[in-house]
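Next come two complexes built around chain A: one with chain B, the other with chain C.
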Partner chain A sequence: MIFSLLDELLIFSAATVLVALILGRGLAVGWMVTILYGGQLLVLIKMAALGYGGDPIASELSLSVMGQDLSWRFDALSWFFALITLVAALLTSWFSCGEWERKFKQQRGNVWLFHLAMALNVFTMLILLASGDLLSLFIGWELVSWAGFLLMAVAGGVATKAAIRYITYAVVGGMSIFGGIALVYAAAGSLQYEAILIAVEKMSTGQLWMLVLLFGSGFGIKMGLLPFHLWQAAAYAETPGPGSAFLGAISSRMGLFAILLVLVKLFGIVNIDSLKIPFTLIDARDLLAWIAVFTIIFPTYTALKQNDARYLLAWHGIGQGGYMLLGLVTANSLGAAGGLLHVLNYAACQAALLMAVFAVMHRTGTADLNKLGGLVARMPLSFLVLLTGIIGLAGLPPMNGFVSKWLVYRSLLEDGMPLLFLGTIIGTLGTILSVYKLIHNMFLGQLRVEHEQVREAPWSMMTPMLILAGTIFVTGLLPGIPLTWVSAALQTIGLTGPEITLGGIESSSGSLDMIWVIGVLFAGFGIGAVIFYSAGPSKRVHQLDNYAGGHFLTADVRYQYSDNFYSGLMHLIRGWYRGSFQWLENSITSLVEFLSLGMQGIYRRANSEFYLLSTALFIIAWVVF
Partner chain B sequence: MVMSRLQKIPVVEEKKGNPLARVFDDLVRFCRSRSLFILHYCTGCGAIELPPAMTSRFDMERLGIQPMVSPRQADILLITGYVSIKTLKRVILTYEQMGSPKYVVGICSCTVNGGMYWQSYATAKKLDEYMPVDLYIAGCMPRPEAVISGLQKLMDRIKNGEADSWQDYYRNYDYYLGNQQKLFGEDWQTPTDIITEAKHYELMGEGTLGQHTRLLEQHQQPLEALEMRLGHKLKEPVE
Partner chain C sequence: MAPIELFIELTLMPLIAFIVGMMMVLMMRRIAARIQRRIGPPFFQPLYDIVKLHGKRTQVSHGLIHDIGIVMAMGGYIAAETLLPVPGMNGIAEKGGLITLLYLMMIPSLGLALGVGQCANPNGSIGIARALTAMLAYDIPLVIVIFGVAYAAGTTNLVEIIATQQAGGFATWGVVEMPLLAIAGLIAMHASLGKQPFEIYIAPAEIATGPMVEMSGKYLGGLFVMQCFQLYTTSVLYVSLFLGGGTTWFDFLIKSFLVLAIPVSIAYLFPRYRTEDLLRLMWKWPVILGLIGLAFVM
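Moving on to the complex of A and B:
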């Protein structure tokens, strides 16, 4: 039996899980696993032809279960997502080696379980990405859900609670997807993509609606789309450092991958567009677009209120998912490319940001934004990484986030959707405000007395952070490289990408060349630098030699404005924070609890043999008639 | 004291050499005079004349003058009224935090000679005993027209290169410090180390050091600027 490259990749990945499982209690397990992720990445790079429009690579493994053929294969879309997954896994695992791991052990963390959970996550994600039909997709989906649960629950305590909340949502989502698959099977008689594509053409509007809702909500739960977003922030933020960075970077995007595969590729944007909502002017596609926009706005402004750096970033993760979906739902060449490119750009930014936050947490022991400040003087490289990350996340040049967001904005304007555009702008405003809060409260302002002796993060953590910061800049300078992969990925789901140049895109209505944009930007910086350095001697001053309305500052007087940040803005928008979604979740929880209590009451009070008898009778009656 | 300071007025010598260098200096001075940020330290009733001077009625900004919130970016320190001893400490702190070149404008009679607070035990009478003042605008209070005409005069002086009394604070620091110590006590100090600054800007004069600065050095606890550190030079953090 000859293994294909995909088999090699999956076997490699499974081997990583085994190594983590068996040797996980040994000493250098972190380094070992990191090297194995590197090996997986190498195999993936051997498949690089996929990213440039090569033929899909199938796995030799295929099963037949109850007449259903299960198959696995990699195409350009899977390759694109797998690339992000493996790079994220490699760098976050690297981050965890050495000092972080030692400290985690000291705090009674289970290093073995952590590495095992990471390896399992990567393995299951690759299986999901390789799925070749709906059944294998479902299997991969469930595996990813449970592997994610394992990683989230590693830390114990609050994390376990968040993880249980997640798995409750995930099980509901899984059921919804399962229902969708059953319906598809009833209509198409098969779960192969080709058969479904034919069957979709003959489906009635009602059937399509049902499928869009079932699959949309099922996959949307993983992505944290409104109104299923509540589980995500706590679950990701409470995961141990590198795990959090890994989950934050890529985990939710599995939902996007599945949405692309099922809603865009199988059902087709045109079909979704034809699903009108009665008595309104909007259709299912508009519905998705608006859900995406509200997913941008609400979580982003929730992030603005957070006082824990991890939670702030985790809430952003939900919001940024909205940009991706929005771009892909517009389904024109610019928007789709922007949305898919944002998956990569966002993953790089989020991983870098979370790593920087966890590096600070590693040194200072806290991520509370009210208990930090002035760390730029002690952790300048982490500051640099965080700065790069927030510029990328906020979508400003010269970082990569600008390119993908620009493409999404552009597509909305070209398609004549000003209200959606406005929504994205409001979301971006919230992003800029909250990332400024992040960098200000952690790194700028007054250094606290207790942080006088803080040191920069160790190189085992710093190196992957710097690599990510470099990636953020390089993919911003030369977006043509990732856009080529994006373009190939779009073709596999029946969309076309824009015309690509090395520095951006070529379009009749306006091109983007980041090399020029960044050149002009840095020329501006250069002029500023010339003025600064030619203006004579400058002087460094002590942080207590600061202006506070004429007050004499001393070390015991804190002059770091962090509490009640943006009080003016909050005064204006406070009324909007009503916690409606929380209320909705609570009321559904109460309802379920109430019903289960009722059932319990009946079950416990009466004679259980009687129930058994009546159930048996009912089943017999149902079978007979 | 006044006589001795009068004798120190520098005689402007005709500069020879590269004429273009002077063109550049003139240009810099012109630009400087047309872009002034004021930090108004509103100590007394004169402050009430500033809003009309700044806003649309008299519109200071047409002259390139606008308010600034922090001393680090400000060019002019505007003292608008009587200066109590408590306030004076803050005024001196603020003045020392401003970046050079900096100009001080005293508005109202109180800054000139104590005005109606002449007999008060808690008021500093003459502002120029504690910091070099470029310009006084007398009156109780001066109207916005007077404020603006005063500021215009300051602009002219800046343009002509005459407004350099800020250098006097470095060159005669001992004199100013002595007056400050007389008022605030011997252990008076601000976070800014003026002597080091004077050395840094090469503005050491005969009067920079003296008996008062020696007194200061006995009390002074220097504040060293935070260095950016990559960490491994440091000791293990105390846990």
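Moving on to the complex of A and C:
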């Protein structure tokens, strides 16, 4: 039997899991699995033709279960997501090697379980991405869910609680997807994509609505779409460092992948467009777009309130998912490209940001934004990485996040959707506010006495962080490179990409050329520097040599503004945080508890006469009628 | 376009912006003086100030980011000017467009925020927190306005937006076609300049001039330069969106100075709002105006 490249990749990935499982307690396991991730990435690069519109690669393996054919294959869309997954896995695993691992062991962390969970996550994600029909998609989906649970629960304690909350949501999501699959099977008689594509044309509006809701909410749970977003922040933030960066970068995007595959490719945007909500002007696509915008706004402003750097970023992770979905449901060439490109751009930014935060945590032991400050003097490279990351996350030039968000804005502008556009800008502004709070409270301001001796993060952590920072900049400078892959991926789901140049896009209604924009920006910085530095030398003073309204500052005075950072804003909008989603979750939990208590009561009573009587009555009723 | 021509344009555009910006600072000070029944500074005072500040013997730095922040604050605007078409010169306006310009204009704020943060002074940090809050306040109406104009023009290319207005004459100017958006834009622009009554982040009586608290010598000089650019960029952007840009330098400059004179004249008549009042004001009146104006455009 000759293996295809896809088989090679999956076998390589399975081997990584085995190595982590068997040799996981030995020395240098981190380095070993990192090298193996590198090997997987090499195999993926061998498939690079996919990213430029090559033919799909099928796996030699196919099964037949109960008359259902299961198959696996890679196309441009799978390749694009797999590339992000493997790069994220390689770099986060690299980050975990050496010092981080040693410290994790000292803190009684289970390194073996951690590496195993990581390897399992990567393996299951690849299986999901390779799925060739709805059944293999569902199998991959469930595997990914449980692998994610394992990684989230590694740390124990609070993390386990968060992980259990996650898996509850995931199981509900899984059931809803299963329901959807059952409906599809009933309608199409098969779970093969080709058969479904034909069956969709004949489906009634009611059926299609049901399917959109079932699949949308099932996959949306993984993506953290409103109102299913509550599990995500804690689950991701409490995962051990590199795991958190990995999950944060790519895990939720599996939901987006599945949404693209099922809602966009199989059901088709045109069909979704035709689903009107009675008595309103909106259809299912508008509904999705508005869910996306609220997913941008609410989690972003929840992030603004966080005082823990990890939680702040995790909440942003939910919010950024909204931009991707929004871009993709606009389904015009600019928006779809922007949405999909944002998956890559965001993954690079989020991984870099979380790694920088965990590097600080590694050195100082805390991610509490009220207990840090002034670290730029001690950890300048981490500062640089965090700065690159926040500029990218906030979507400002010259970093990559700007390009993808620009595409989304432009598509909304072209479609004439002012309120959605405004929503995205409100989200972006909220992001700018909260990422400034992040960098200010960690790296700027006054350095604390206890952090005087802090050193820069070790090179085992710094190298992957710098690689990511470089990626963020280069994909911002030359967005044409990833946009080519994005275009190929869009074609597989029946959408078209925009006209691409190396520096951006070409469009009759306004182009973008990042090479020029960044060129003049840096030239501007150059001129600014010339003006500034030609003005003679400046004297470096100690941080306590500072204006304090006539008082003298001493080292024990905390001269740092960090708590309630945006007090003026909060004064106005504090009342708007009502915790409605939390309330909703709580009420559902209570309802389930109440019902289960009722069931328990019936069983515990063990009242046999009652059961006999009711059964007899039921039978009589059945016979009579 | 020949590369050498483009290069000359890219050099000239920021340079002119700087010179005009200094004159705008002068105008602002003269207007303030007239309102307060003073004579005001001489013609070259802004230039003297910049030279003086850069020439100070004692220059206090709080670290590398403090320096870089000032460089970014100046550099961001220098870059932004090349995306802002002026009579006879388009620079690289067609390679970026309106949205890019809007975002490039945030780079100086980011630089300033970083630089101030490194100063380790809570007054400065509070100032930045307020400045960012103010940005959240005025950017929402501003974005509605920008959306309206870009949608009406069918492009984000500023060169085309200006050309359309000039081709159709006064009747097709943004201010005539979209008066509500123009008013909303003017209010948002006023707030974006950070002048009274929206001066929440300087607030000398409360937070010791906020971001400027640790700035002296060339640091303050850098911010002065930034202010020149800011005044120029804001008013020229407004002129380009609503007043048909400039066909000649003469009408271009007259329009720009007149537009700027409105918020500046109002500024010196009013005391300062509190932060939350600024948010409330910005999110109410200009947003309502903007949305109604937008509804007319759609």
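Note that in this section the second predicted complex is superposed on the first by the 605 of 625 C-alpha atoms of A that agree within 3 Å, B and C clash if a C-alpha of one lies under 4 Å from a C-alpha of the other, contacts with A are read in each partner's own complex, and residues count from 1 in each chain.
Following the convention adopted for this analysis, contacts are C-beta pairs under 8 Å (C-beta built on N, C-alpha and C of every residue); 3 or more make two chains touch, one makes a residue touch a chain.
In this text the structure is predicted, and so the values were computed from the model without any measurement.
**Student:** Once the two structures are overlaid on chain A, check if chain B and chain C clash or fit side by side.
**Tutor:** These partners clash in the superposed model.
**Student:** Touch check for A:376: first (chain B), second (chain C), both, or neither?
**Tutor:** Both partners, chain B and chain C.
**Student:** Based on the superposed arrangement, let me know which partner A:516 touches: chain B (first), chain C (second), both, or neither?
**Tutor:** Once the two structures are laid over each other on A, A:516 reaches chain C alone.
**Student:** Let me test your reading of the model: by the given contact rule, A:445 touches which partner, first (chain B), second (chain C), both or neither?
**Tutor:** A:445 sits against chain C, while chain B stays out of touch.
**Student:** After superposition on the shared chain, which partner residues are touched by A:42: those of chain B (first), chain C (second), both, or neither?
**Tutor:** After superposition on chain A, A:42 lies in contact with neither partner.
**Student:** A:413 contacts which: chain B (first), chain C (second), both, neither?
**Tutor:** second
**Student:** Between chain B and chain C, point out the one touching more chain A residues.
**Tutor:** Tallying touched residues of chain A, the top partner is C.
**Student:** Applying the touch criterion given at the start, work out whether A:63 contacts chain B, chain C, both or neither, answering first, second, both or neither.
**Tutor:** Neither partner.
**Student:** Between chain B (first) and chain C (second), which, if any, makes contact with A:602: first, second, both or neither?
**Tutor:** A:602: touches no partner chain.
**Student:** Who does A:429 touch here: chain B (first), chain C (second), both, or neither?
**Tutor:** Second partner only, chain C.
**Student:** Output check: A:527 vs chain B and chain C. Expected answer is one of first, second, both, neither. What do you get?
**Tutor:** Touch status of A:527: second partner only.
**Student:** With the touch criterion stated at the top, can you tell me which chain A residues are shared between the chain B interface and the chain C interface?
**Tutor:** On chain A, the overlap between the chain B and chain C contacts is residues 374, 376-377, 380, 447, 537, 539-541, 543, 545-547.
**Student:** Considering only the defined contacts, which chain A positions touch chain C in the complex?
**Tutor:** Residues 373-374, 376-377, 380, 383, 387, 391, 395-397, 402, 406, 409-410, 413, 416, 418, 421-422, 425-426, 429-430, 432-433, 436-437, 439-440, 443-447, 509-513, 516-517, 520-529, 531-541, 543, 545-547, 549, 559-561, 565-569, 571-573 of chain A touch chain C in their complex.
**Student:** Under the stated contact criterion, what part of chain C meets chain A in this complex?
**Tutor:** 10, 14, 54-65, 67, 70-80, 82-83, 92, 94-100, 103-104, 106-107, 110, 113-114, 117-123, 125-126, 128-130, 132-133, 135-136, 139-140, 143-144, 147-148, 150-151, 154-157, 200, 208, 213-214, 217-219, 221-222, 225, 274-276, 279-280, 291, 294, 298
**Student:** What residues on chain A touch chain B, complex-wise?
**Tutor:** Answer in residue numbers: 374, 376-381, 447, 453-456, 537, 539-547, 550-553.
**Student:** In their shared complex, at which residues does chain B touch chain A?
**Tutor:** 41, 70-72, 87, 89-91, 93-94, 97, 190-192, 197, 200-201, 223-232, 234-235, 237-238
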